[in-house]
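Labels for the chains are A, B and C, by order of writing; each one numbers its residues from 1.
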(Lines give C-alpha, C1' and ligand atoms only; values in the text may rest on other atoms or scores of the structure.)
Protein backbone atom coordinates (compact mmCIF):
# COMPACT_ATOMS: atom_id res chain seq x y z
CA UNK A 1 0.00 0.00 0.00
CA UNK A 2 1.28 3.45 -0.84
CA UNK A 3 1.95 5.29 2.41
CA UNK A 4 -0.34 7.92 3.87
CA UNK A 5 -3.29 7.43 1.53
CA UNK A 6 -6.26 9.23 3.00
CA UNK A 7 -9.72 9.76 1.50
CA UNK A 8 -12.12 12.65 2.08
CA UNK A 9 -15.74 12.22 1.07
CA UNK A 10 -18.66 14.63 1.15
CA UNK A 11 -22.07 12.97 1.19
CA UNK A 12 -25.10 14.60 2.83
CA UNK A 13 -26.24 12.68 5.93
CA UNK A 14 -29.87 12.63 4.82
CA UNK A 15 -31.96 13.03 1.67
CA UNK A 16 -35.52 12.48 0.54
CA UNK A 17 -36.31 9.30 -1.41
CA UNK A 18 -35.37 9.67 -5.07
CA UNK A 19 -33.40 12.86 -4.46
CA UNK A 20 -30.29 13.74 -6.46
CA UNK A 21 -27.25 14.42 -4.31
CA UNK A 22 -23.78 15.69 -5.16
CA UNK A 23 -20.88 13.56 -3.96
CA UNK A 24 -17.33 14.91 -3.75
CA UNK A 25 -14.30 12.70 -3.15
CA UNK A 26 -10.62 13.46 -2.72
CA UNK A 27 -7.86 11.00 -1.89
CA UNK A 28 -4.22 11.68 -1.13
CA UNK A 29 -2.11 9.85 -3.68
CA UNK A 30 0.99 10.90 -5.58
CA UNK A 31 -0.29 9.45 -8.89
CA UNK A 32 3.26 8.86 -10.15
CA UNK A 33 2.78 8.96 -13.91
CA UNK A 34 5.68 6.79 -15.05
CA UNK A 35 6.77 9.70 -17.28
CA UNK A 36 9.17 11.26 -14.80
CA UNK A 37 12.83 10.54 -14.16
CA UNK A 38 14.76 10.62 -10.89
CA UNK A 39 17.97 12.56 -10.20
CA UNK A 40 20.05 9.81 -11.83
CA UNK A 41 17.96 9.91 -14.97
CA UNK A 42 16.25 6.60 -14.26
CA UNK A 43 12.51 6.43 -14.98
CA UNK A 44 10.34 6.54 -11.85
CA UNK A 45 7.93 3.60 -12.14
CA UNK A 46 4.25 4.35 -12.59
CA UNK A 47 2.20 4.11 -9.39
CA UNK A 48 -1.36 5.38 -9.63
CA UNK A 49 -4.91 4.72 -8.57
CA UNK A 50 -6.27 3.15 -11.74
CA UNK A 51 -9.94 2.75 -10.86
CA UNK A 52 -12.56 4.35 -8.65
CA UNK A 53 -15.99 2.94 -7.94
CA UNK A 54 -19.01 4.08 -5.97
CA UNK A 55 -21.90 1.76 -5.16
CA UNK A 56 -25.08 2.32 -3.19
CA UNK A 57 -26.63 -0.71 -1.51
CA UNK A 58 -24.77 -2.90 -3.99
CA UNK A 59 -25.84 -1.00 -7.14
CA UNK A 60 -23.33 0.93 -9.23
CA UNK A 61 -23.34 4.71 -9.22
CA UNK A 62 -20.11 5.31 -11.09
CA UNK A 63 -17.07 3.31 -12.17
CA UNK A 64 -14.10 5.25 -13.50
CA UNK A 65 -10.95 3.96 -15.17
CA UNK A 66 -8.15 6.37 -14.35
CA UNK A 67 -4.91 6.95 -16.23
CA UNK A 68 -1.66 8.72 -15.30
CA UNK A 69 -3.14 11.99 -16.63
CA UNK A 70 -5.29 12.24 -13.49
CA UNK A 71 -3.79 14.82 -11.12
CA UNK A 72 -2.05 14.09 -7.83
CA UNK A 73 -4.57 13.74 -4.99
CA UNK A 74 -7.41 12.68 -7.33
CA UNK A 75 -10.67 14.60 -7.04
CA UNK A 76 -13.94 13.22 -8.38
CA UNK A 77 -17.36 14.84 -8.21
CA UNK A 78 -20.57 13.23 -9.46
CA UNK A 79 -24.30 12.97 -8.83
CA UNK A 80 -26.18 10.03 -7.32
CA UNK A 81 -29.81 9.14 -6.91
CA UNK A 82 -30.81 8.02 -3.42
CA UNK A 83 -33.77 5.60 -3.76
CA UNK A 84 -33.79 4.58 -0.10
CA UNK A 85 -31.75 4.77 3.10
CA UNK A 86 -28.51 2.87 2.88
CA UNK A 87 -24.79 2.93 2.44
CA UNK A 88 -22.47 4.32 -0.19
CA UNK A 89 -19.28 2.30 -0.63
CA UNK A 90 -16.30 3.99 -2.27
CA UNK A 91 -13.27 2.06 -3.53
CA UNK A 92 -9.99 3.27 -4.94
CA UNK A 93 -7.84 0.61 -6.66
CA UNK A 94 -4.07 1.12 -6.48
CA UNK A 95 -1.59 -0.19 -9.09
CA UNK A 96 0.10 -2.09 -6.25
CA UNK A 97 -3.04 -4.14 -5.62
CA UNK A 98 -4.23 -2.21 -2.56
CA UNK A 99 -7.88 -1.21 -2.39
CA UNK A 100 -8.79 1.78 -0.24
CA UNK A 101 -12.39 1.53 0.90
CA UNK A 102 -14.67 4.00 2.69
CA UNK A 103 -18.40 4.01 3.32
CA UNK A 104 -20.98 6.65 4.18
CA UNK A 105 -24.50 6.00 5.38
CA UNK A 106 -27.41 8.19 4.39
CA UNK A 107 -30.87 8.33 5.94
CA UNK A 108 -34.05 9.03 4.03
CA UNK A 109 -36.91 10.98 5.48
CA UNK B 1 -28.00 21.90 -32.63
CA UNK B 2 -26.38 25.08 -31.43
CA UNK B 3 -22.77 26.00 -31.30
CA UNK B 4 -21.41 28.69 -29.06
CA UNK B 5 -18.62 30.75 -30.52
CA UNK B 6 -16.18 28.98 -28.27
CA UNK B 7 -17.37 25.51 -29.31
CA UNK B 8 -16.98 26.38 -32.94
CA UNK B 9 -13.55 27.81 -32.33
CA UNK B 10 -12.52 24.77 -30.32
CA UNK B 11 -13.70 22.36 -32.99
CA UNK B 12 -11.94 24.33 -35.69
CA UNK B 13 -8.75 24.48 -33.66
CA UNK B 14 -9.16 20.80 -32.85
CA UNK B 15 -9.16 19.89 -36.49
CA UNK B 16 -6.18 22.17 -37.11
CA UNK B 17 -4.29 20.68 -34.18
CA UNK B 18 -4.97 17.11 -35.33
CA UNK B 19 -3.81 18.01 -38.82
CA UNK B 20 -0.56 19.46 -37.51
CA UNK B 21 0.38 16.58 -35.23
CA UNK B 22 3.20 14.10 -35.80
CA UNK B 23 1.72 10.85 -37.13
CA UNK B 24 2.80 8.71 -34.13
CA UNK B 25 0.95 10.93 -31.67
CA UNK B 26 -1.99 11.22 -34.01
CA UNK B 27 -2.15 7.46 -34.32
CA UNK B 28 -2.28 7.02 -30.57
CA UNK B 29 -5.04 9.63 -30.25
CA UNK B 30 -6.96 7.81 -32.97
CA UNK B 31 -6.30 4.46 -31.29
CA UNK B 32 -7.56 5.78 -27.97
CA UNK B 33 -10.77 6.97 -29.64
CA UNK B 34 -11.24 3.80 -31.72
CA UNK B 35 -10.63 1.65 -28.64
CA UNK B 36 -13.74 3.27 -27.15
CA UNK B 37 -15.94 3.59 -30.22
CA UNK B 38 -14.88 0.51 -32.15
CA UNK B 39 -14.45 2.84 -35.10
CA UNK B 40 -18.08 3.97 -35.10
CA UNK B 41 -18.93 7.42 -36.38
CA UNK B 42 -18.98 10.22 -33.79
CA UNK B 43 -21.50 13.04 -33.99
CA UNK B 44 -20.66 16.49 -32.64
CA UNK B 45 -22.79 18.01 -29.89
CA UNK B 46 -24.88 16.60 -27.09
CA UNK B 47 -21.84 16.60 -24.84
CA UNK B 48 -20.76 19.45 -22.59
CA UNK B 49 -17.08 19.69 -21.73
CA UNK B 50 -16.18 22.50 -19.36
CA UNK B 51 -12.50 23.33 -19.05
CA UNK B 52 -10.64 26.55 -18.31
CA UNK B 53 -9.53 28.52 -21.37
CA UNK B 54 -6.27 29.17 -19.55
CA UNK B 55 -4.97 26.76 -16.93
CA UNK B 56 -2.71 28.43 -14.37
CA UNK B 57 -0.87 25.17 -13.96
CA UNK B 58 -1.03 22.09 -16.17
CA UNK B 59 -0.58 19.80 -13.16
CA UNK B 60 -4.12 20.38 -11.94
CA UNK B 61 -6.71 21.38 -14.52
CA UNK B 62 -10.32 21.15 -13.32
CA UNK B 63 -12.70 19.85 -15.98
CA UNK B 64 -16.29 18.65 -15.99
CA UNK B 65 -18.23 16.61 -18.51
CA UNK B 66 -21.90 15.93 -18.97
CA UNK B 67 -23.86 14.12 -21.69
CA UNK B 68 -27.59 13.53 -21.17
CA UNK B 69 -28.43 9.98 -22.23
CA UNK B 70 -24.83 8.72 -22.06
CA UNK B 71 -23.78 5.48 -20.39
CA UNK B 72 -20.06 6.21 -20.55
CA UNK B 73 -17.73 9.11 -21.33
CA UNK B 74 -14.07 8.84 -22.33
CA UNK B 75 -11.76 11.82 -21.92
CA UNK B 76 -8.80 12.15 -24.27
CA UNK B 77 -5.91 14.63 -24.04
CA UNK B 78 -4.60 15.02 -27.58
CA UNK B 79 -1.36 16.78 -26.61
CA UNK B 80 -0.15 14.59 -23.71
CA UNK B 81 2.64 11.99 -24.06
CA UNK B 82 -0.20 9.46 -23.67
CA UNK B 83 -3.68 10.64 -24.69
CA UNK B 84 -5.40 8.44 -22.08
CA UNK B 85 -7.11 10.32 -19.25
CA UNK B 86 -10.18 8.51 -17.93
CA UNK B 87 -13.26 6.52 -18.88
CA UNK B 88 -16.33 7.18 -16.77
CA UNK B 89 -19.01 4.48 -16.66
CA UNK B 90 -22.36 5.56 -15.24
CA UNK B 91 -24.32 3.01 -13.20
CA UNK B 92 -28.09 2.81 -12.69
CA UNK B 93 -27.85 5.09 -9.64
CA UNK B 94 -25.92 7.88 -11.33
CA UNK B 95 -28.40 10.77 -11.15
CA UNK B 96 -26.92 12.30 -14.29
CA UNK B 97 -24.21 11.27 -16.74
CA UNK B 98 -21.85 13.93 -15.46
CA UNK B 99 -18.64 14.17 -13.47
CA UNK B 100 -15.88 16.60 -12.55
CA UNK B 101 -12.20 15.65 -12.38
CA UNK B 102 -8.79 17.30 -12.22
CA UNK B 103 -6.36 16.32 -14.92
CA UNK B 104 -2.77 16.85 -16.05
CA UNK B 105 -2.04 18.59 -19.31
CA UNK B 106 1.55 18.62 -20.53
CA UNK B 107 1.05 21.67 -22.76
CA UNK B 108 -1.57 23.76 -24.55
CA UNK B 109 -3.84 21.33 -26.36
CA UNK B 110 -7.33 20.13 -27.19
CA UNK B 111 -9.13 17.75 -24.93
CA UNK B 112 -11.97 15.59 -26.17
CA UNK B 113 -14.96 14.09 -24.38
CA UNK B 114 -16.57 11.21 -26.25
CA UNK B 115 -19.86 9.86 -24.97
CA UNK B 116 -21.35 6.43 -25.65
CA UNK B 117 -25.10 6.88 -25.63
CA UNK B 118 -27.62 4.30 -24.40
CA UNK B 119 -28.50 3.45 -28.02
CA UNK B 120 -24.86 2.67 -28.84
CA UNK B 121 -24.19 5.86 -30.82
CA UNK B 122 -21.32 8.23 -30.02
CA UNK B 123 -21.14 11.97 -29.50
CA UNK B 124 -18.29 14.31 -28.76
CA UNK B 125 -17.19 17.73 -27.55
CA UNK B 126 -13.79 19.38 -27.64
CA UNK B 127 -12.16 22.19 -25.68
CA UNK B 128 -8.86 23.98 -26.07
CA UNK B 129 -6.93 24.61 -22.88
CA UNK B 130 -3.97 26.96 -22.88
CA UNK B 131 -1.40 25.80 -20.37
CA UNK B 132 0.80 28.61 -19.13
CA UNK B 133 4.45 28.26 -18.21
CA UNK B 134 5.16 30.47 -15.24
CA UNK B 135 7.59 33.37 -15.22
CA UNK B 136 9.06 32.36 -11.88
CA UNK B 137 6.51 31.04 -9.46
CA UNK B 138 9.20 29.99 -6.98
CA UNK C 1 28.97 54.29 -14.59
CA UNK C 2 28.06 54.40 -10.95
CA UNK C 3 26.80 51.39 -9.09
CA UNK C 4 23.35 52.89 -8.72
CA UNK C 5 22.99 53.69 -12.38
CA UNK C 6 24.01 50.20 -13.40
CA UNK C 7 21.43 48.76 -11.03
CA UNK C 8 18.76 50.98 -12.42
CA UNK C 9 19.68 50.00 -15.93
CA UNK C 10 19.50 46.33 -15.03
CA UNK C 11 16.18 46.77 -13.34
CA UNK C 12 14.81 48.62 -16.31
CA UNK C 13 15.98 45.77 -18.52
CA UNK C 14 14.37 43.18 -16.28
CA UNK C 15 11.19 45.18 -16.14
CA UNK C 16 11.01 45.65 -19.88
CA UNK C 17 11.76 42.00 -20.55
CA UNK C 18 9.46 40.43 -18.05
CA UNK C 19 6.74 42.60 -16.69
CA UNK C 20 3.75 43.44 -18.81
CA UNK C 21 0.66 45.21 -17.61
CA UNK C 22 -2.46 43.15 -17.96
CA UNK C 23 -5.97 42.60 -16.81
CA UNK C 24 -5.63 38.80 -16.82
CA UNK C 25 -7.15 36.71 -14.10
CA UNK C 26 -10.49 36.59 -12.43
CA UNK C 27 -12.73 39.32 -11.15
CA UNK C 28 -10.56 40.88 -8.50
CA UNK C 29 -13.61 41.93 -6.55
CA UNK C 30 -15.03 38.40 -6.28
CA UNK C 31 -15.98 37.46 -2.72
CA UNK C 32 -14.45 34.50 -0.95
CA UNK C 33 -16.89 32.69 1.33
CA UNK C 34 -15.60 29.26 2.34
CA UNK C 35 -18.15 26.46 2.89
CA UNK C 36 -20.86 29.07 2.52
CA UNK C 37 -20.08 30.37 6.01
CA UNK C 38 -16.55 31.69 6.52
CA UNK C 39 -16.44 35.19 5.06
CA UNK C 40 -12.89 36.12 4.09
CA UNK C 41 -11.59 39.67 3.81
CA UNK C 42 -9.58 39.47 0.60
CA UNK C 43 -9.16 43.22 0.05
CA UNK C 44 -8.94 45.93 2.65
CA UNK C 45 -7.18 49.10 3.72
CA UNK C 46 -3.41 48.85 4.04
CA UNK C 47 -2.05 48.89 7.60
CA UNK C 48 -0.77 52.28 8.78
CA UNK C 49 2.87 51.17 8.90
CA UNK C 50 2.91 50.85 5.09
CA UNK C 51 2.62 54.65 4.83
CA UNK C 52 0.79 54.50 1.54
CA UNK C 53 3.21 52.06 -0.13
CA UNK C 54 0.13 50.08 -1.20
CA UNK C 55 -3.29 51.66 -1.91
CA UNK C 56 -4.93 48.60 -0.34
CA UNK C 57 -3.93 45.07 0.53
CA UNK C 58 -5.18 42.05 -1.38
CA UNK C 59 -5.11 38.35 -0.71
CA UNK C 60 -3.28 36.24 -3.29
CA UNK C 61 -6.69 34.65 -3.96
CA UNK C 62 -7.79 37.81 -5.80
CA UNK C 63 -5.00 37.36 -8.35
CA UNK C 64 -5.93 33.84 -9.38
CA UNK C 65 -8.21 32.63 -12.18
CA UNK C 66 -11.84 31.76 -11.49
CA UNK C 67 -11.01 28.05 -11.73
CA UNK C 68 -8.20 28.26 -9.18
CA UNK C 69 -10.30 30.48 -6.91
CA UNK C 70 -13.10 27.90 -6.95
CA UNK C 71 -10.83 25.25 -5.41
CA UNK C 72 -10.80 27.19 -2.14
CA UNK C 73 -14.50 27.87 -1.63
CA UNK C 74 -15.42 24.41 -0.32
CA UNK C 75 -13.29 22.29 1.99
CA UNK C 76 -14.17 19.20 -0.05
CA UNK C 77 -12.77 20.84 -3.18
CA UNK C 78 -9.63 22.00 -1.38
CA UNK C 79 -6.88 19.38 -1.66
CA UNK C 80 -5.05 21.06 1.23
CA UNK C 81 -7.68 19.70 3.58
CA UNK C 82 -6.42 16.14 3.07
CA UNK C 83 -3.28 17.21 4.90
CA UNK C 84 -5.28 18.90 7.63
CA UNK C 85 -6.97 15.51 8.21
CA UNK C 86 -3.55 13.88 8.37
CA UNK C 87 -2.33 16.50 10.84
CA UNK C 88 -5.40 15.80 13.00
CA UNK C 89 -4.23 12.18 13.25
CA UNK C 90 -0.76 13.41 14.22
CA UNK C 91 -2.31 15.82 16.75
CA UNK C 92 -3.96 12.88 18.52
CA UNK C 93 -0.92 10.56 18.31
CA UNK C 94 1.37 10.04 21.27
CA UNK C 95 4.99 10.62 20.30
CA UNK C 96 8.29 11.02 22.13
CA UNK C 97 9.68 10.16 25.55
CA UNK C 98 7.02 11.96 27.60
CA UNK C 99 4.13 9.82 26.35
CA UNK C 100 2.16 12.84 25.18
CA UNK C 101 0.22 13.88 22.13
CA UNK C 102 -0.63 17.47 21.16
CA UNK C 103 -4.15 16.80 22.38
CA UNK C 104 -2.91 15.74 25.83
CA UNK C 105 -2.26 19.42 26.63
CA UNK C 106 -4.25 21.29 23.99
CA UNK C 107 -7.42 19.18 23.62
CA UNK C 108 -9.40 19.92 20.48
CA UNK C 109 -7.39 22.24 18.19
CA UNK C 110 -10.61 23.67 16.71
CA UNK C 111 -11.19 25.24 20.15
CA UNK C 112 -7.75 25.60 21.74
CA UNK C 113 -5.95 26.98 18.66
CA UNK C 114 -8.58 29.58 17.74
CA UNK C 115 -6.84 32.87 16.99
CA UNK C 116 -3.30 31.49 17.24
CA UNK C 117 -2.42 31.64 13.53
CA UNK C 118 -3.61 35.25 13.31
CA UNK C 119 -0.97 36.61 15.72
CA UNK C 120 2.10 34.59 14.64
CA UNK C 121 5.03 35.28 14.35
CA UNK C 122 4.95 36.58 17.90
CA UNK C 123 7.35 37.68 20.62
CA UNK C 124 7.97 34.96 23.21
CA UNK C 125 8.92 36.61 26.50
CA UNK C 126 10.36 33.52 28.20
CA UNK C 127 12.56 32.68 25.23
CA UNK C 128 13.40 36.32 24.50
CA UNK C 129 12.82 35.90 20.76
CA UNK C 130 10.25 36.29 18.02
CA UNK C 131 8.80 32.88 17.29
CA UNK C 132 7.09 31.60 14.19
CA UNK C 133 4.31 29.05 14.53
CA UNK C 134 6.73 26.42 13.21
CA UNK C 135 9.24 27.23 15.97
CA UNK C 136 6.49 27.00 18.56
CA UNK C 137 5.34 23.61 17.24
CA UNK C 138 8.90 22.25 17.37
CA UNK C 139 9.44 23.74 20.83
CA UNK C 140 6.39 21.78 22.01
CA UNK C 141 7.59 18.62 20.31
CA UNK C 142 11.07 18.78 21.81
CA UNK C 143 10.40 20.23 25.27
CA UNK C 144 6.93 18.94 26.11
CA UNK C 145 6.72 15.69 24.15
CA UNK C 146 10.37 14.62 24.08
CA UNK C 147 9.94 14.04 20.35
CA UNK C 148 12.23 14.91 17.48
CA UNK C 149 11.68 18.31 15.85
CA UNK C 150 10.10 18.27 12.40
CA UNK C 151 11.93 19.66 9.37
CA UNK C 152 11.11 23.38 9.12
CA UNK C 153 9.41 23.18 5.73
CA UNK C 154 8.59 19.44 5.71
CA UNK C 155 5.23 17.84 4.99
CA UNK C 156 4.45 17.03 8.66
CA UNK C 157 5.15 20.60 9.69
CA UNK C 158 3.22 22.19 6.83
CA UNK C 159 0.23 20.00 7.62
CA UNK C 160 0.33 20.81 11.35
CA UNK C 161 0.64 24.52 10.61
CA UNK C 162 -2.39 24.22 8.32
CA UNK C 163 -4.40 22.38 10.98
CA UNK C 164 -3.60 25.04 13.57
CA UNK C 165 -4.60 27.73 11.06
CA UNK C 166 -8.03 26.23 10.32
CA UNK C 167 -9.81 27.45 13.50
CA UNK C 168 -8.54 30.99 12.79
CA UNK C 169 -9.91 31.12 9.25
CA UNK C 170 -11.81 34.32 8.67
CA UNK C 171 -10.08 36.08 11.57
CA UNK C 172 -7.95 39.10 10.69
CA UNK C 173 -4.18 38.70 10.61
CA UNK C 174 -2.95 40.86 13.48
CA UNK C 175 0.75 40.43 14.20
CA UNK C 176 2.34 42.82 16.69
CA UNK C 177 5.17 44.90 15.27
CA UNK C 178 5.93 47.11 18.23
CA UNK C 179 7.47 46.55 21.65
CA UNK C 180 9.98 43.71 21.80
CA UNK C 181 9.10 42.57 18.24
CA UNK C 182 10.05 45.95 16.74
CA UNK C 183 13.71 45.11 16.19
CA UNK C 184 12.94 41.85 14.34
CA UNK C 185 10.23 43.61 12.34
CA UNK C 186 12.65 46.36 11.27
CA UNK C 187 15.16 43.74 10.18
CA UNK C 188 12.46 42.02 8.13
CA UNK C 189 11.52 45.32 6.53
CA UNK C 190 15.11 45.96 5.55
CA UNK C 191 15.33 42.53 3.92
CA UNK C 192 12.05 43.17 2.07
CA UNK C 193 13.47 46.28 0.41
CA UNK C 194 16.99 44.93 -0.22
CA UNK C 195 17.85 43.77 -3.73
CA UNK C 196 19.28 40.24 -3.86
CA UNK C 197 20.82 38.01 -6.46
CA UNK C 198 22.21 38.43 -9.94
CA UNK C 199 18.88 39.91 -10.99
CA UNK C 200 19.14 42.43 -8.13
CA UNK C 201 15.52 42.16 -7.19
CA UNK C 202 13.94 42.97 -3.86
CA UNK C 203 10.62 41.58 -2.65
CA UNK C 204 9.20 45.07 -3.22
CA UNK C 205 10.28 45.21 -6.89
CA UNK C 206 7.76 42.51 -7.77
CA UNK C 207 5.21 42.47 -4.98
CA UNK C 208 4.89 46.17 -4.17
CA UNK C 209 5.83 47.93 -7.42
CA UNK C 210 4.52 45.40 -9.92
CA UNK C 211 1.73 43.38 -8.37
CA UNK C 212 -1.17 42.84 -10.78
CA UNK C 213 1.28 42.87 -13.69
CA UNK C 214 2.38 39.78 -15.56
CA UNK C 215 5.89 38.39 -15.14
CA UNK C 216 5.80 36.27 -18.29
CA UNK C 217 2.76 34.05 -17.70
CA UNK C 218 2.54 34.66 -13.95
CA UNK C 219 0.09 37.15 -12.53
CA UNK C 220 2.11 38.84 -9.80
CA UNK C 221 0.42 39.08 -6.42
CA UNK C 222 1.27 41.27 -3.45
CA UNK C 223 3.07 38.30 -1.92
CA UNK C 224 0.78 38.22 1.10
CA UNK C 225 1.18 35.21 3.39
CA UNK C 226 -2.25 35.20 5.07
CA UNK C 227 -3.06 32.02 3.12
CA UNK C 228 0.02 30.03 4.18
CA UNK C 229 0.57 27.12 4.28
CA UNK C 230 -0.77 27.04 0.73
CA UNK C 231 -1.65 24.08 -1.50
CA UNK C 232 -0.02 24.81 -4.84
CA UNK C 233 -1.24 23.29 -8.08
CA UNK C 234 2.36 23.43 -9.24
CA UNK C 235 3.74 20.91 -6.74
CA UNK C 236 0.44 19.51 -5.40
CA UNK C 237 1.39 19.80 -1.73
CA UNK C 238 1.23 22.24 1.15
CA UNK C 239 3.95 24.88 1.01
CA UNK C 240 5.18 26.86 4.00
CA UNK C 241 6.02 30.57 3.91
CA UNK C 242 9.76 29.94 4.34
CA UNK C 243 9.79 27.42 1.46
CA UNK C 244 8.08 30.06 -0.69
CA UNK C 245 10.53 32.78 0.40
CA UNK C 246 13.36 30.46 -0.55
CA UNK C 247 11.85 29.84 -3.98
CA UNK C 248 11.40 33.55 -4.57
CA UNK C 249 14.92 34.51 -3.49
CA UNK C 250 16.37 31.65 -5.56
CA UNK C 251 14.58 33.05 -8.59
CA UNK C 252 16.51 36.28 -8.16
CA UNK C 253 19.55 34.04 -8.71
CA UNK C 254 20.75 34.59 -5.17
CA UNK C 255 22.13 32.27 -2.51
CA UNK C 256 19.02 32.09 -0.37
CA UNK C 257 18.64 32.33 3.37
CA UNK C 258 17.74 29.05 5.01
CA UNK C 259 14.22 28.24 6.14
CA UNK C 260 14.16 28.91 9.87
CA UNK C 261 17.05 31.40 9.66
CA UNK C 262 16.89 34.66 11.60
CA UNK C 263 16.52 36.46 8.28
CA UNK C 264 13.46 34.49 7.18
CA UNK C 265 11.91 34.68 10.66
CA UNK C 266 12.23 38.47 10.49
CA UNK C 267 10.93 38.51 6.92
CA UNK C 268 7.95 36.35 7.89
CA UNK C 269 7.03 38.79 10.67
CA UNK C 270 7.35 41.77 8.33
CA UNK C 271 5.48 40.20 5.41
CA UNK C 272 2.74 38.95 7.77
CA UNK C 273 2.39 42.52 9.07
CA UNK C 274 1.84 43.82 5.54
CA UNK C 275 -1.27 41.63 5.57
CA UNK C 276 -2.61 42.82 8.93
CA UNK C 277 -6.35 43.07 8.27
CA UNK C 278 -6.63 40.28 5.67
CA UNK C 279 -8.24 37.03 6.81
CA UNK C 280 -6.35 33.93 7.80
CA UNK C 281 -7.10 31.61 4.84
CA UNK C 282 -4.83 28.61 5.35
CA UNK C 283 -4.84 26.16 3.82
CA UNK C 284 -5.40 28.28 0.72
CA UNK C 285 -5.09 27.13 -2.91
CA UNK C 286 -2.81 28.88 -5.38
CA UNK C 287 -1.17 28.10 -8.71
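The rule is short, and it goes like this: contacts are C-beta pairs under 8 Å (C-beta built on N, C-alpha and C of every residue); 3 or more make two chains touch, one makes a residue touch a chain.
Just so you know, these numbers come straight off a predicted model, no measurement behind them.
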Touching chain A and chain C alike are B
Most contact pairs found between chains A-B
Intercentroid distance (Cα basis), chain C paired with chain A, Å:
31
Intercentroid distance (Cα basis), chain B paired with chain A, Å:
21
Between chain B and chain C, tell me the centre distance in angstrom, where each centre is the average of that chain's C-alpha atoms.
36
Residue numbers of chain A (touch at least two other chains):
71-72, 75
Two or more other chains in contact with one residue: find those residues in chain B.
59-62
What parts of chain C, by residue number, touch at least two of the other chains?
79, 236
So, in the complex, the side of chain B touching chain C is made of residues 52, 54-57, 59-62, 132-138
Touching chain B in the complex, chain C uses residues 18, 24, 64-68, 70-71, 79, 214-218, 232-236, 244, 246-248, 250-251, 287
Which of the residues in chain C end up touching chain A in this complex?
74, 76-77, 79, 81-83, 85-86, 236
In the complex of these two chains, what residues of chain A are touching chain B?
20-21, 33, 35, 55-56, 59-72, 74-81, 83
Contact footprint of chain C on chain A as seen in their complex
4, 6, 8-10, 24, 26-28, 71-73, 75
